[in-house]
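Just below sit the structures, each encoded as structure tokens.
Paired with subunit B in one complex and with subunit C in the other, subunit A is shared by the two complexes that follow.
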Partner chain A sequence: MAAGGVEFSEFVQHLFLGLVQGSFWVLLALGLSIIFGLMGIINFGHGAFYMLGAYVGFTVSDLIFSPFLGPNAGFIVALASVPIVMFALGMVFERYVISRIYNTENERFSGVLIMFGMSIFLPDFVRLLWGRPGKPFNIPPMFQFSLFKTGTLDITAYRSFTIITAAILVALLWVLIYKTNLGMMIRAGTNNNTMVKVLGINVSRIWRLTFGLGIALAGFSGVMIAPLFAVDATMGELILVQTFIVVVVGGMGSFIGPVIGGLILGQLWALTPLVGRTQYVVQNWTGTVIGPDFWEKASDILLFIVMAVILLLRPRGLFGQEGAFD
Partner chain B sequence: MPILETKSLSKHFDALVAVDSVDYSVDSGELRSIIGPNGAGKTTFFNMIAGDLLPTSGQVIFDGADVSEVPAHERSHLGIGRTYQITNIFPKLSVLENIRIAAQSRKMTFNLWSTVPSHKELVEKSDQILERINLTEKRDELAGTLAHGEQRYLEIGIALATDPKLLLLDEPTAGMSPEETIQTGEFIKGLADPLTVVLVEHDMEVVLGISDKITVLHNGAFLAEGTVEEVRANAEVQRVYLRE
Partner chain C sequence: MDAAAPKNRFTPREFWAWISEVFDNYGILILAGLLLVYPFFFSALNDSIIWLEDNDWEATAEVVAEVRGFVPSTPLMIQILIYTLFGVAFNILLGNTGMLSLGHCAFFGVGGYTVGIMHAWIKPGTYAPDWMVNAFKVLPLEISLITCIIVSTFVAWLIGTICSTKRGVYFAMVTLSISMIFYYSAQTFDDLTGGTDGLGGLENMRLGSIGLRVGIMDANITYYFVYILSVVFIAAIWQVLRSPFGHVLRAVRENENRARICGYNVAKVRLMAFTMSGAVSGVAGALAIIYGETVPIENIHFITSGQIVIITLFGGAGTFLGPAVGSFIYWYLRQLMSVEFVKYLAIFQYWEAWVGGIFVLIVLFVPSGILGTIRNMTLEYREKKLLNRKAVAEALAKNADDETAADTE
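Then we have the complex of A and B:
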């Protein structure tokens, strides 16, 4: 079966890759959105913490545990320990750095500056500790097989694992936000922060936990994506921009927004290069053929175009609440 | 014994004197009202009692202790509950959760990771309050979807859930229909004793029937105090307020 010259199996392959990419965007966008919703901090350091998570995972897995326990167990230890380490790190960072700006003039702008500073500091810090070149991070042997393989279609085990893990995390996060006491207070604080304070609730503890949670999610995403790419000090840069696009498109102040936004953009991003493989190849006005190369590049640019269109037509995003930035 | 006293309480905003040396005293269990035309300094006075504003000079004494410099959230724990002129609730939380979060604020240690229905006594307490404010049927609806009057009741419920000794209500009937206003008056009357209630109103009719005593502020200063009849008969009050 083929549509316009593209094999169906190739189409499914791209759907699959889009789902993988989208899953990571969803995890990062949720962390970004929850921190912003409660604390009003636009976390430009989110990508840097994601990158740091990957390096911590590399250290735990390749340097500490794999030599003794083997690469599979080493990787599992890394997956389990990185969120804990990053959660603690996030809380310490909130306590000793971010909390200093609360109730100061230009609180939000200070937050942006601090987190932007982290996005510059952390990569250099990582280069200092781990060296300038990136680190290879292999797919653990237990995941080195395909669940399904035919022609160009290859549903690999590890990529499937990331999708399922992301789905479970999103579900757990939903339970946390909508069914637990902490979640109720996060929602209350996001909704009406002054009121929470007036009720005499210990807001600082909620904020600390929330920031830790967002950073833990970022770090976990970093270590989970590491086997798919190499670990590198700049790995958080592009994905940070893409995550912001997901949040803008999905909408601030809602849980479903970043989830749907991430999944839709993941598909757009993955399917766009296919256009170049169709028989409907276009020529521009000079007669140059707009071929596969164009559509490969277009996929990155399309994200920005979608964001621009959303900002023009529906500034609060697909599922966002009006006034989320007030 | 007074549960609340203010001594020469003043608030200046630069050159503007919003509240000018007010002495005020409320006994435990009383239902009191503060009235005055717009700009009389009622809400500023109120905010200083609740701790949302700190006084320029003078004292606020609550339950025998000087709380003039104590921040609002600590006064909440001491037993001062309040509502706001503009409804202040959590629109995106359910009605039950609105009450529940206030009840929860009284517990110092709390397992944040436990599920919402797991603390039985808090849910029971919240349900009792819902019963009192007549919102049991709307228990699981989002607070933001309630009618205006219901939201005002919910806000009072939130304040009640914090176990206050003193309840401060800022224009509780603002925006209500005349019928709702009468009902709300009766409801507030039912709250007083053992609770002490102080309400601020712009509209004198609201407070006429229910208050033990009415205090009139004008231009930030104390003008008159007494029963409904006394205040009505007061020539000064008639001049600045009733004829308005």
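Then we have the complex of A and C:
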């Protein structure tokens, strides 16, 4: 693909951007996957909580701490405090809203519908609290430099930082799920909830912790991505759907699925715009050449096509457990 | 014992049970009759204000005008009718087959865009060939509606093939994701669809065969056009749900494995239900753009799916007329909020927050909806009454036995 009109440095730049986008998808998809695995609820409010995390981060850093401590420290405080706030919020939400539907008729549908309602409620609620226009969120000054720069290739410090942070978080999550007692209980609960209950483990506490963990991951991703884009009430919509696609492609019920799925789709998403600049000429049915503008916009749609193909050929996803959804 | 077997047939509970029964059996006719005369009622209200003003009854006219603010207008009733049709179509899946689709905005939007694109682009000087332009001049709305049905059936079948084998919440997730293809396509191909501004400039909104101009010019004519189409499609769905096929749908909802063992091809049944529901949703989407003569991109956004889920759940997912009740309450409240309440409290302009919040509360506290709750109460009441009668009969029988036993002794 690097042949023709595309320089190698541009190709590497797109790989890098794909890695950044992919790492965010991985974080969100893991949160979604953990909540689903344990509670059987697909969190349709994941994007909304991600957006809420960005707004909370904006408030903490720009409105409260930056005036006193400077933008760098303000941002770090935001990075540290948003997961805690969102974790608490998620636990409270689980305790007072979601736990009401356990053991009712159509438990899973109700959970999905509640989270779907939240995804409609939260953006407008945020507009009510913070105003309709989006908020600017600058890259903190300590990250405003490039690690490596030649021609069109620009490896910026902040983007690298997000990749590294995401990698560390994924590793920590892996340790949490596969190497600790809590993780063992989460895995056991995913497999057979009743049996865990019978063994005398407080399942409702684990559910609450897990839900809080997923929400905290979403909020943290939100505040990390905020300096790259503006903070906006609708920022959670597209990424929610993209996370779903990652989960469908990667497969639920495994840890590696969302990770690999997110990374592959991130690369696909970032490399599609390059197709327009290669030597190959693509024409549509009227004979007009499809130009670079189209390929710039086609990357969002390509993800859906990949999802449809995966659903038809391998319904459980690349690494999914068979029967995870029955 | 006498208290347990009431002599007075018309206790209040009995009355409500009777109302519910009448509504179950004849509700569709009653609603259709009321809706048939609605535009007359609303224009009479308008005329009365003018008449009062002409005859120097200004104070009364003001009061009536104030009241009119709280009466749903004919354009609002068009919206309510369209969403009733959409909700009834959606309820084929949610209420009868037990499939929660969050992707119905795709069909609604595709129906709307099919009609919209045809009316905006089939004219001289575009890519459209001459024969198409000429045919479209003769029978514009007939051609576009039939095309819309074909296109939305095809799209529904296509999406159904991909995702109708999925179950439960996974089905919801996949349908939502797939429906968003259409949203981003509409955004991407903005030359054709108008992008985020929506598609405007629709021409030729008329029924060529009877020479009727529908659309933004006359709310009453549009109302009756929408009314007739909605009634036809709702009656068709009513018939389908009463047919053996409808019973198979409910069998699949109740116990899929059992339906399969009984010899039904469950995958095919689900696909058929999905296609049917999607096709009628497409018609509803086409009707939704006829009055405004623009296609807003919000029609294809997943908020629309949210609306229809709310409408169906609010009215009662298992009941046939639930969507009608839900649609009326939803649009009426939304209109009141954005026009009347917002005068007093600015907080009402954030209607999505209200919708989402109320939605969560409904799911938590009234999961079977308004009509569903009434029906459950009625059933409970009847069951109790039956049990009472049974108990009385048993007690009497026992008494009689005791007496005969005493006699024989």
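The rule is simple: the second predicted complex is superposed on the first by the 324 of 326 C-alpha atoms of A that agree within 3 Å, B and C clash if a C-alpha of one lies under 4 Å from a C-alpha of the other, contacts with A are read in each partner's own complex, and residues count from 1 in each chain.
Here, contacts are C-beta pairs under 8 Å (C-beta built on N, C-alpha and C of every residue); 3 or more make two chains touch, one makes a residue touch a chain.
Remember, predicted model here, so these are calculated numbers, not experimental data.
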| item | value |
| --- | --- |
| First, second, both or neither for A:24, with subunit B first and subunit C second | neither |
| Contacts of A:137 with subunit B and subunit C, given as first, second, both or neither | neither |
| Touching partner for A:211 - first (subunit B), second (subunit C), both, neither | neither |
| Touching partner for A:93 - first (subunit B), second (subunit C), both, neither | neither |
| Partner chain(s) touched by A:58 [first = subunit B, second = subunit C, both, neither] | neither |
| Touched partner set for A:120, first subunit B, second subunit C, both or neither | second |
| Dominant contact partner of subunit A by residue count, subunit C or subunit B | C |
| First (subunit B), second (subunit C), both or neither touched by A:40 | second |
| Subunit B versus subunit C as contact partner of A:180, first or second or both or neither | first |
| Residues of subunit A that touch subunit C when the two form their complex | 36, 40-42, 44, 97, 100-101, 104-106, 108-114, 116-125, 127-128, 237, 241, 244-245, 247-248, 286, 297-298, 300-301, 304-305, 307-308, 311-312, 315, 325-326 |
| Subunit A residues within the subunit B interface of the complex | 179-182, 184-185, 187-188, 190-192, 194-201, 205-206, 209 |
| Subunit A partner contacts - residues on subunit B that touch it in the complex | 52, 72-74, 76-77, 82, 88-93, 97, 100-102, 104-105, 110-116, 119, 158, 162 |
| Interfacial residue positions of subunit C with respect to subunit A in the complex | 100, 102, 127, 161-163, 165-170, 172-174, 176-178, 180-181, 184-185, 187-188, 302-303, 306, 309-310, 313, 347, 350-357, 359-360, 363-364, 367 |
